[in-house]
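One chain, chain A, links the two complexes that follow: it is found with chain B in the first and with chain C in the second.
And then the complex of A and B:
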């Protein structure tokens, strides 16, 4: 037996002990969070599954009704309309702020003076509370005293069913794109400058540099933000609730606002739980696809 | 305690929390046992009360003239009031009640929704306290009846509601307009007003989605009439009757002409503060609103609002010759109850008894603050304090007269069952945006009403004829 093998054999029990100790310490640090999550996530999640199979007003006892809430949701025109709105919201929320964010980050990266000022300006809408943003924009979009009215254009952006969803989405995009720009800008700082130099030597135009160097360089950030955007699309609630309440006549209703109405206005908390759980399943599927693609090396 | 009961309670509390996580804005709590039987004793200790009173001045008045006065009269009870916004309060109270926690004194929603809470057994039975304190002698019988079911009293009526037509008095005088009393006069005024670029009837559902039911309350009462409403609410006729469908069509036609709110698009988009400001300036001539608006309308007139205009109110004109004028729809805006899980029910009941029991103090509060404290107690016109604003006094005397003569109608938020009540304003949005016709709206309304009536979630109706 060589010296190395002897040393390894002697230290094996010690190494195992150290590994166990490290694991215990790790779990000890994790324990408070796990307990908290078990209390506020796991317990309520199990209860939500249970209530989604019941006829429950949100008060008092619940009656088990099997899959009735789910079959009702499949045939409910309100749910179909809300899902369609979620889809429209997703397309707009994914494309417009992303495009503006990338453009803004690229422009920022070209600026040499007052860069910090511009970054702060981009960021301001994001740090202002959604309630404040929504209330201000509600006034700005008023057909009788808002920006449009001042410019001689009295369209009722929030009051017209054809534009209500788009108008709220515009406000959300406005508050969101600056945040994306700053994140993309930070990611762009990590791209090797030599790659740009090499591209220039090869005669690449600015657009070609952006396409061939910048975008691949920030892909992990972009993929993560796409994922978050998908999740936030399904969670869209605050701006819609404050600015239109899902109206007029459901024209800006999304699933989350519909759930709220069902739970608190219509006393259909069991049905709302079924809707919530369905959306959770959709989110879980998206997360699973993301993880799968990550493992396949999509981010690299 | 059995294992199954324990599990159910756990699931109940956890379920409410789950909804809070799934739906942003929802709050929840975990259940605890709580609960102390109603003993109709005298009560001491701390009483928690969550109330939706807004504005520094209003909160100060409540703190001084209600909380302070009560504690002075009951030094062994500490009334702990917490102020919330109206919509927030309902959500918070509802989740707290389900979790067997929350305030001792429950500020509930309308009669119809408080009934839903009662049926879920989260409100204490007030019958022993009603007997002990003889509340039936202190409160108007019709209002007590609205909050009684299966022979039990589950809440006390908080505020008498009616609908009024507020008008810019200065504008009316300058234009030489007289107060319309019937449909032809009303429409003549509306046409002339709109022709001059003045919105005849200001209205908006931007800040309160349920505002649509105020309009339906007005048109169903003053077009369809209270007799037809009584028949529909008691199941003698259907809401599909043309007399109701035509009322909905009339509302829509007023919107389409731009008389109401300046049109549908503005109704959905112009905030109520802006409408109020335009009302004060005179670019909106009238606002059909509830009696509660009397405590807010003053801010749009006078020095603070930078105009020299004055406001007043008139009864809603009769929209059909068969309907009486003046007619006041009656209802209850909110309720006060006791939490079934309260550990201090006796002290909570002592507060309610103090609040409702002293008629002179109640009338003084009505005189001090317009509409907010208009509890349904029986009083003569002579008992109203002289210090009251004459416009507020006129509401009280008019309602007194309506109750005595039977010339009253029904507000949707008191006498319609809860889901039907929600459809009244949600469905109206669909009519206004041409998604459904007035006939389809009434058909769907009738279906919901029939189902809920069968479930028994409808308050005991104020019957036709003199109610006193």
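And then the complex of A and C:
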């Protein structure tokens, strides 16, 4: 890549050659990214497709067993329960942080002072590590030293199968809503202030303004976040893994934690691969439906 | 996704923007904001309180400020949890992840913004879609592959995974920065006989450093906080990063809340301090990167 080479490539007969050369250089610049991705993400992903049709233990050789893993998954009561938990998780994870985020963002856009301070406060739980947040809430939810203890009732929120899933979901929502608030707040700044003036002239109340001006104004953001919530629900893992490990007695197990256990505790890597691939297919279908609806002009 | 990045920074200076006023009393609004603020930050404040208390005091008053400032929990947690070692490991992971990701993503972003690469659009689409893939899809074969390559129980092996998982986000973010640099600059440099590598280093890098700074900050934060890959790929206690060693520490001293609170401060302290100093950059980077 000497100076003379550059000049030669730009000389008159070399237009096509220069383009070819640019392509080669371009791909050379992309090579580290693509090679790394192939090694860590794409290659193993393709391997998962293959292993999902085998009885692989995760270590030794694998024997082809056709669709046996998938039929097993369809009939597995553990999977059914985990899917139910994913469903409950989705409903709560969609409604609670969204509502709190919208509330926070809306009120924040109403005030003049300390916006930056409140925004920072709401955002902090999101930047703190999941292991730390989980530990904090294990302490606060503990029957011996937590909030319940301070208020006079000693309930083991994480240890009771009736409340374990809801408790972990609460902690996730707690660390998450501020992040949504900041995104909604940014989106609300993009709404035309004149629309609010017009609504006020028409005598609209704050709530009516929120419904008629704010919500339509931030709709693309909201729709996108709903989509991402579906995907995040399927990925839900860290807090459950850290706080309850899916227990007690599977009461907070979701598909991703079940898959992890199948792979690393039960040595059913082929079965785990089938579960992982199924989750990916569901994600892909949801993304495809979203793209299709967006193309049809549903978003705006 | 990237459109969300632009918006927050614009409105950090409220006096300038014409903002709608409800008129009337702002007090109810502030009341709501303060309640939400307490909800967000209260639990972390309780941890700071408890880090200074004895366990007897925590049992009696779990949520109130400490009556005396004892540092015993901190010194004891530091030695018992071997935080000297685990912090060193985490710093290595952060530096390794940041340097590699900036290099890999910087090169790719330059190609995708200023070089005419046939098929570049497909690469961008792949990077967007690829970040939606659940890790469950490639976790198990990757573990098998890493075992074969002897990259488990190795900080380098973990860093390579961070490169691969963070680089798509970093590439897309840096690309959005580089696209703002006029093509004329590149053309001028090229006419002066600069090679593409020279252009990338001498023209792009100085102009795009805010983008690199954002990427570095976010990648470092992720590497510091990350536990999933670490717990799966690192089992040797002397190689553990702070996140998984904190988890083990908490399991071991699960009823000693004073000790675990102090340990939690070791882990969250640096992050929160850095966040307060560089809030704007954190927020813009994470609202772009967190949406993956």
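The rule is short, and it goes like this: the second predicted complex is superposed on the first by the 264 of 300 C-alpha atoms of A that agree within 3 Å, B and C clash if a C-alpha of one lies under 4 Å from a C-alpha of the other, contacts with A are read in each partner's own complex, and residues count from 1 in each chain.
As a working rule, a contact is a pair of C-beta atoms (placed from the backbone, for glycine too) under 8 Å apart; a residue touches a chain by one contact, two chains touch by 3 or more.
From a predicted model like this one, the values you see are computed outputs, not experimental measurements.
Participant: Taking chain A as the common reference for superposition, should the pair chain B and chain C be classed as clashing or as fitting?
Facilitator: clash
Participant: Which of the two partners, first being chain B and second being chain C, lies in contact with A:259: first, second, both, or neither?
Facilitator: The answer is both, since A:259 touches chain B and chain C.
Participant: Considering only the touch criterion stated at the top, classify A:228 as touching first (chain B), second (chain C), both, or neither.
Facilitator: The answer is second: A:228 touches chain C but not chain B.
Participant: Who does A:273 touch here: chain B (first), chain C (second), both, or neither?
Facilitator: both
Participant: Among the partners chain B and chain C, which is in contact with a greater number of residues of chain A?
Facilitator: Residues of chain A touched, chain B against chain C: more for C.
Participant: Have a look at where A:144 lands relative to chain B and chain C in the superposition and call it first, second, both or neither.
Facilitator: In the superposition, A:144 contacts both chain B and chain C.
Participant: Of the two partner chains, chain B (first) and chain C (second), which one does A:237 touch, if any: first, second, both, or neither?
Facilitator: Both: A:237 reaches chain B and chain C.
Participant: Counting only touches as set out at the top, which of chain B and chain C does A:127 meet: first, second, both, neither?
Facilitator: second
Participant: After lining up the shared chain so the two structures overlap, which partner does A:70 touch, if you call chain B first and chain C second: first, second, both or neither?
Facilitator: Neither partner.
Participant: Tell me which partner A:157 touches in the superposition: chain B (first), chain C (second), both or neither.
Facilitator: first
Participant: Look at A:210 in the shared chain and tell me whether it touches chain B only, chain C only, both, or neither; answer first, second, both or neither.
Facilitator: Neither partner.
Participant: Tell me which region of chain B runs into chain C after superposition, given the options 62-70, 98-106 or 368-376.
Facilitator: The segment of chain B occupying space taken by chain C is 98-106.
Participant: Show which residues of chain A both chain B and chain C reach, each in its own complex.
Facilitator: 40-41, 43-45, 47-48, 51, 58-59, 138-139, 142, 144-145, 235, 237-238, 241, 256, 259-260, 263-264, 269, 272-273, 276-277, 279-280
Participant: Using the touch rule from the top, collect the residues of chain A that touch chain B in their complex.
Facilitator: 40-41, 43-48, 50-51, 56-61, 138-139, 141-145, 155-161, 164, 235, 237-238, 241, 244-245, 247-251, 256, 259-260, 263-267, 269, 272-273, 276-277, 279-280
Participant: How about chain A: which of its residues touch chain C in the complex?
Facilitator: Listed in rising order, the residues of chain A that touch chain C are 1-3, 6-7, 19, 22-23, 25-27, 29-30, 32-34, 36-37, 39-45, 47-48, 51, 58-59, 100, 103-104, 107-116, 118-133, 135-140, 142, 144-147, 149-150, 174, 178-179, 181-183, 185-187, 189-190, 193, 196-197, 206, 221, 224, 228, 231, 234-235, 237-238, 241-242, 256, 259-260, 263-264, 269, 272-273, 275-277, 279-280, 283, 287.
Participant: Where on chain B does chain A make contact in their complex?
Facilitator: Residues 8, 10-12, 14-26, 28, 90-91, 94, 97-98, 116-117, 119-122, 205-206, 209, 262, 264-271, 274, 278, 418-419, 422, 429-430, 432-433, 435.
Participant: Contact residues on chain C for chain A in the complex?
Facilitator: Touch list, chain C to chain A: 1, 4, 7-8, 10-12, 14, 17-20, 22, 26, 29-30, 32-33, 36-37, 39-41, 43-44, 46-47, 50, 58-59, 61-63, 103-105, 107-108, 110-112, 115-118, 120, 123, 129-130, 132-145, 160-161, 163-165, 167-168, 171, 190, 193-197, 200, 221, 224-225, 227-228, 232, 243-244, 246-247, 250, 254-255, 257, 260-261, 264, 267-268, 271-272, 275-276, 279, 282-283, 286-287, 290-291.
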